[in-house]
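You will see chain A twice below: alongside chain B first, and alongside chain C after that.
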Partner chain A sequence: MTSLARPRSRGLRGNEGPFGWLFTLPAILILGTFLVIPILLAVWVSFSNWNGLGPPVGGQAEFVGAANYAEVLTQPGLARRDFGIAIRNNLYYVLFVVPIQTAVALFLAVQVNQKVLKARGFFRTAFYFPSVTSSVAITVVFLYLFGASGVVNGVLNWLRVRGPNWFADPRGVFHIVLSWLGVDSVPSFLAGEGPLGVTWWEWIAGPSVAMTALIALAVFTTSGTFMLLFLAGLQAIGQDIEEAALVDGAGPVRKFFSITLPMLKPTLFTVLTLGLIATWQVFDQIYLTGGGAPAKTTLTPAFLAYSASFESLKWGRGAAISFILFGIIVVLTIFQRWLLRDREGSRRNRRRRARMAQAGAMAAITTGGGHGTGGGAGE
Partner chain B sequence: MTTVSPVREAEAPAVPARQKRRLPPKVLIGRIGIHVMLLALAVIYIFPFVVSVASSLKTNAEATQQPLRLIPETLTFAAYERLFTDVPLMKWTFNSALVTICVTLGRVFLGSLAGYALSRLQWRGRAFIFAGIIAVMAVPSVVLLIPRFLILYQLGIYDSYIGMIVPIIVDATTIFIMKNFFESIPESVEEAARIDGAGVFRTFWSVVLPMARPALITVFILSFQGSWNEFAHFIVSRQDPDLHTLTTGVATLVSGQLGSGNQYPIQLAAAVLMTIPVAILFFIFQRHIMSTAEGAEKG
Partner chain C sequence: MKTHKHWRAVLLLAVVALIAAACGGDGTEDTSIPITSGDEAPATTADTGDAGDTDSTEGEDGDTGSAEGGSMTMLIGSSGDAETNAVQAAVDAWGEESGVSVEVIAANDLTQQLGQGFSGGNPPDIFYMSWDQFQTYAANGYLEPYAEELSNADAYYQSLRDTFTYDGTFYCAPKDFSTLGLVINTDAWEEAGLTDDDIPTNWDELAQVAEALTTDSRAGLSFGLEYARIGVFMNQAGGSLVSEDGTTATADSPENLQALEYVQSLVEAGSLRFPSELGAGWAGEAFGQQTAAMVIEGPWINGALANDYPDVNYRVVELPEGPAGPSTFVFTNCWGIPAGSETRDLAVDLVEFLTSDEQQLAFSEAFGVIPSTESAAAVYAEQFPENEAFVAGNDYSVSPIAFAGAAEVIADFNASLEGFATGGDAQTILTTLQANLQAALDAANAG
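This part shows the complex of A and B:
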């Protein structure tokens, strides 16, 4: 066991091999039993017709090949349509939440990093506090805020705007805009069926009004966490460079775009990646706002996997959707890495990134644990 | 997690000499503008919580009709009373507390143990195990919901405290954070302990672990917050109403019978109560939390 141990430390340190295994054994056992084995089990279930009766392995479940995957990906029918709608909903959620939360977090970080600002501690606390609350509590609050006669509509009322019944309104935002422009019926060129059995007209609907409330919720709860990450990045840049820019006569806007932003690239990369991973996992909020209601316009793949399994007892389909979702997250993360790749690939940046990873891990928990994702290891 | 440095520039008093220098009006207006804008933003961030507390003290009718009123017309604690009489809130709180205590202690202890072995002990298989843990970190948690149910069901621990606690008692991120911190502690510290005849566990427990206080606090905060706020795992690991935690229990207030009609005050009261422990934690460790991200970047 110890043959590879460094000779220098061998005498003093003795035989550490058994202790290495002993100390990591609880973690290995638990992660193995509740993470690795379950995934293998779910791979089997996704290729079987297990209906929830009897044990998944060694019971009556039969191997059905890729039928569960085909049902949601290629076979025309309700299962595929639901999956397509869920993908569409989640896609819009990601497209709106990730840029907005990143921009808001960056904006807040730059503001609370200013030396001239008084009561910086107060502002940081105010912006970060929503991040520590539970997804359940915050969703309850948002259901109230965005109620038919809720706080948001009350404020809109002052502005002489009649607000919608947010969580009950399935209309797509882009459809609403199109109807303002006079497009009331489905144009014939969009009536055809697009991918996954969803018509092109439905694909371009945009997030539903109900979904926009959930988008607001996500931005509200995650911008504080990401603000802390950006703040860390800003402080690493230091004042010197910033001041040098001022001496050179660059205005604050110019300074931000030509100096601060490029130097924040590693942080930006972390925030975008974490945001992307978390937003594809939105589950808690969907569960709490009625499981995709209104009219399935807030249905997401994560919730669809759950409801297919626990409600429709199509465990194979639920597991299959989970793995497809996993694939989507992996592919998009890799794509984003490639898109934002560091062309110089300098050593310094890599080291910085390694350090960021640790702050990122913390953010991953605070954003994931509470909001946007579910589960212990996640966000 | 080299977060030892306290928040450095928290409200440093302005240098008097600087104050005397009069600012040009344009700069002054700009500064006032920034403060006003940020104050408005802070109000937006705080307002939902203020409204929640206020409306939890209203009658159902008033909460529905006058959501913006911050001081209830008829102040009532009816919603809070109902939480303790109509709803088994104490039971939920007990379950949440039990799970949170077990998971937090477990994550901190087991995470430190594994982190120590992976950073400071020399043994074959270390690199392999570490790579495995990194791979585990990459699995999105929501993908694990169905697999977790399957294993709990197969092992016959679905609907039990064991099934609610053990699967989340080890967390790869915790191990990762602890490992990173232990790596920053000088080797000579351990060697001194070893010369004095302390064993491996003794060295870990009484010498290295106390030095890892900042990282332990970080991991403690994350574990406490994560397990207290956990929702999805308790949805898939139990269905017995006696095993409801605060999160799943309060969820039934929203989607169950109490979710019908306009029973906002009771829901908001529950949301307020369940937020108190994490809010206390947040305010106790505020400086630590705020400096963690900063320290991480500075290395």
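This part shows the complex of A and C:
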């Protein structure tokens, strides 16, 4: 704000600086009180041995350096192992949930965007409905659905498949697949200890059966939300471009991959980023399904931070885990931004872009070119 | 200079105006919040939960000088309305004598709400302190060690005093206790042709009756796959997790291995199945649904069965003895008071009232807990002969380990037990437990 105000200060509007401060004051106060100060406090707590008694600053809490971080990252022991298992679980959760929910959301959005679809309003509402329902309520419903004698197993039974005891089954799905292939015991090259005190065999376990139920839950609840974002993106694509593609002889598949998907890239970035952040912070479902049960296979860093703080009263460790989680999310978001960047540099892409631009220009000519014609696509 | 001061004044005024506007705005826009900054006294609208909280904190801050006519808050982990109402009635009775009103708040998540209260510098004046969190709280200096001052300090069971002793100091008064017993479905028992003589008194007999009671649709025995149950077998075999002096982990012992292998043998025989395998959240539910004929649970099962499965006929007997004799776990809560609390003396007086034999028996009647003093427990055993086994168990009960930092180790042990049902290696589990336990003990003793 200052940088904007300062150059003017000597000119005609020289007295406006204080007003600038005055008008931004509410925002500064609110953000400072509820955002900046708590974050700084949490940073301090993560470097201290605060036990939750008395104020974290000025009380008995002492600076302990990076000890809290070392406990979960480098020192062999239960704290590090728990953190490693939590990271593994959450990694698989993210790897499965983010692509699936994005694909499902995009698929649903394309379907409900079709003009020929009858009762579009109904489907849009139906698909969006899980998003506005409390995640707690949905989790409780899922607990019943995936119970040992629940609906899911009932259906499986009807298909002559003996369903697992979903929320009580700690076996990793990759381990199950491997056991079908005859790998029942730990192969010696995987028995060694991998990162964070978790053996390589445990790292490749895949999500547990219980976790897959939670993955299904996440896909079910969030696909609707992201469908809405994709729908908005789809409706921003001008009718003229689609018609041009049609004239150029593109089939529905070609149209989707050459027109729709590239034009949805900004939306895709938003959806992937939001999905990534939300999945790394998963907490509600974990809390409700028993805090990591069965056998810690649904433990996540967010829940671990909670239990370290509130149950073990190791607030420093809890804060440290939160900041590591924050770091993971930031790094992955940057990575993903890099992955989805506009590849101006690459020659092949430049050629392709030139081709596309040409095609676009041709299309504009053939359809009469007016932006007005393709205006209000969809309702 | 002059303009500078001028602007400062304007800024200050503006800030004040903004704050006032923000507060006023709340009141006018959101009518659901009854307290506004400028309106009448908040006491008139204390019917919502939020308003009540505000009231009590104001009371604490304002009434530090005069004890009379103050108010206190009590946070309890309630098993239901029966318990909440009984506790409220008791504190009201105390309030009439002392002139202090106590607001009883039933927590949704006691551990979380306590942690929040303490870290926010505003803990409840008195609260339920569970056995498993006690050592952690005491080690971190959260608790006021008041228990020796009580007139009935010596009347409590020794096992309960031990549970709430940290570093040689008896901290807080146990409010009641529960032990584990063997709960038997009497219909299934008779159906299997068993009589009173067959009631198991040792491990072999337990295995035999469990097998006799097992049918296609019913497991003979069930209990949660966790330290709080398996640990009983370890103790019965003569094992332990921590040495007497509390410095050495003793988890990796032949006795503990024997216990785990015995449990494993029951699983292999098909007579022991865990609640999750039976589609139940806990053993009591499996017992109610009659998918388990015997379970190892505490007196809380009475309330659960009466509410949800009133048709199930059952009786409770003491747990069978192991190779090294009888043993069971005791679980208990105490009345916690925050360290350095301003209402300390009042709270201690309230505890004195609540732990009197008379009051404890009133609680027993209301929601089925067993009194923590030997004299009251004896009366209880006469009044409720069906629970006599639970009371008797306390003669040889031990408290599950709970030193500061133990919770994580036990959670890990419980997690490793889940693989145990499907044929995990008992020795590996104990080796891991031993290493984790020793590390946690060293950390706890160093801190």
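Please note the rule applied: the second predicted complex is superposed on the first by the 314 of 379 C-alpha atoms of A that agree within 3 Å, B and C clash if a C-alpha of one lies under 4 Å from a C-alpha of the other, contacts with A are read in each partner's own complex, and residues count from 1 in each chain.
We take it that a contact is a pair of C-beta atoms (placed from the backbone, for glycine too) under 8 Å apart; a residue touches a chain by one contact, two chains touch by 3 or more.
Just so it is clear, the structure is predicted and the values come from calculations on it, not from any experiment.
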item: Contacts of A:W21 with chain B and chain C, given as first, second, both or neither; value: both
item: Which partner reaches more residues of chain A (counting touched residues only), chain B or chain C; value: B
item: First, second, both or neither for A:S179, with chain B first and chain C second; value: neither
item: First (chain B), second (chain C), both or neither touched by A:E311; value: second
item: Partner chain(s) touched by A:T74 [first = chain B, second = chain C, both, neither]; value: neither
item: Touching partner for A:N165 - first (chain B), second (chain C), both, neither; value: second
item: Touching partner for A:A232 - first (chain B), second (chain C), both, neither; value: first
item: Which of chain B and chain C A:S258 touches, first, second, both or neither; value: neither
item: Touching partner for A:F127 - first (chain B), second (chain C), both, neither; value: first
item: Partner chain in contact with A:D82 - chain B first, chain C second, else both or neither; value: second
item: Contacts on chain A seen with chain B and repeated with chain C across the two complexes; value: 18, 21-22, 26, 55-56, 147, 149, 309-310, 315
item: Contact footprint of chain C on chain A as seen in their complex; value: 18, 21-22, 25-26, 51-56, 77-79, 81-82, 147-149, 165, 167-168, 170, 292-296, 309-313, 315
item: Sites on chain C touched by chain A in the complex; value: 7, 10-11, 14-15, 18, 111-112, 115-116, 118-119, 121, 133, 136-137, 140-142, 276-279, 339, 405, 407-409, 411-412, 415-416, 418-419, 436, 439-440
item: Complex contacts: residues of chain A adjacent to chain B; value: 1-6, 9, 12-14, 16-24, 26-28, 30-31, 33-39, 41-42, 45, 55-57, 108, 111-112, 114-130, 132-145, 147, 149-151, 154-155, 220, 224, 228-229, 231-233, 235-236, 267, 277, 280-281, 283-284, 287-288, 290, 302, 305-306, 309-310, 315, 318-319, 322-323, 325-326, 329, 351-352, 355-356, 358-359, 361-366, 368-370, 373-379
item: Interfacial residue positions of chain B with respect to chain A in the complex; value: 1, 7, 9-11, 31, 34-35, 37-38, 41-42, 45-49, 51-52, 55, 63-65, 67-68, 103, 110-111, 113-114, 116-118, 121-126, 129, 132-133, 136-137, 139-151, 153-154, 166-173, 175-177, 180, 191, 194-195, 200-201, 204, 218, 222, 225-233, 235-236, 246-247, 250-251, 253-255, 264, 267-268, 270-272, 274-275, 278-279, 281-282, 286, 289-290, 292-299
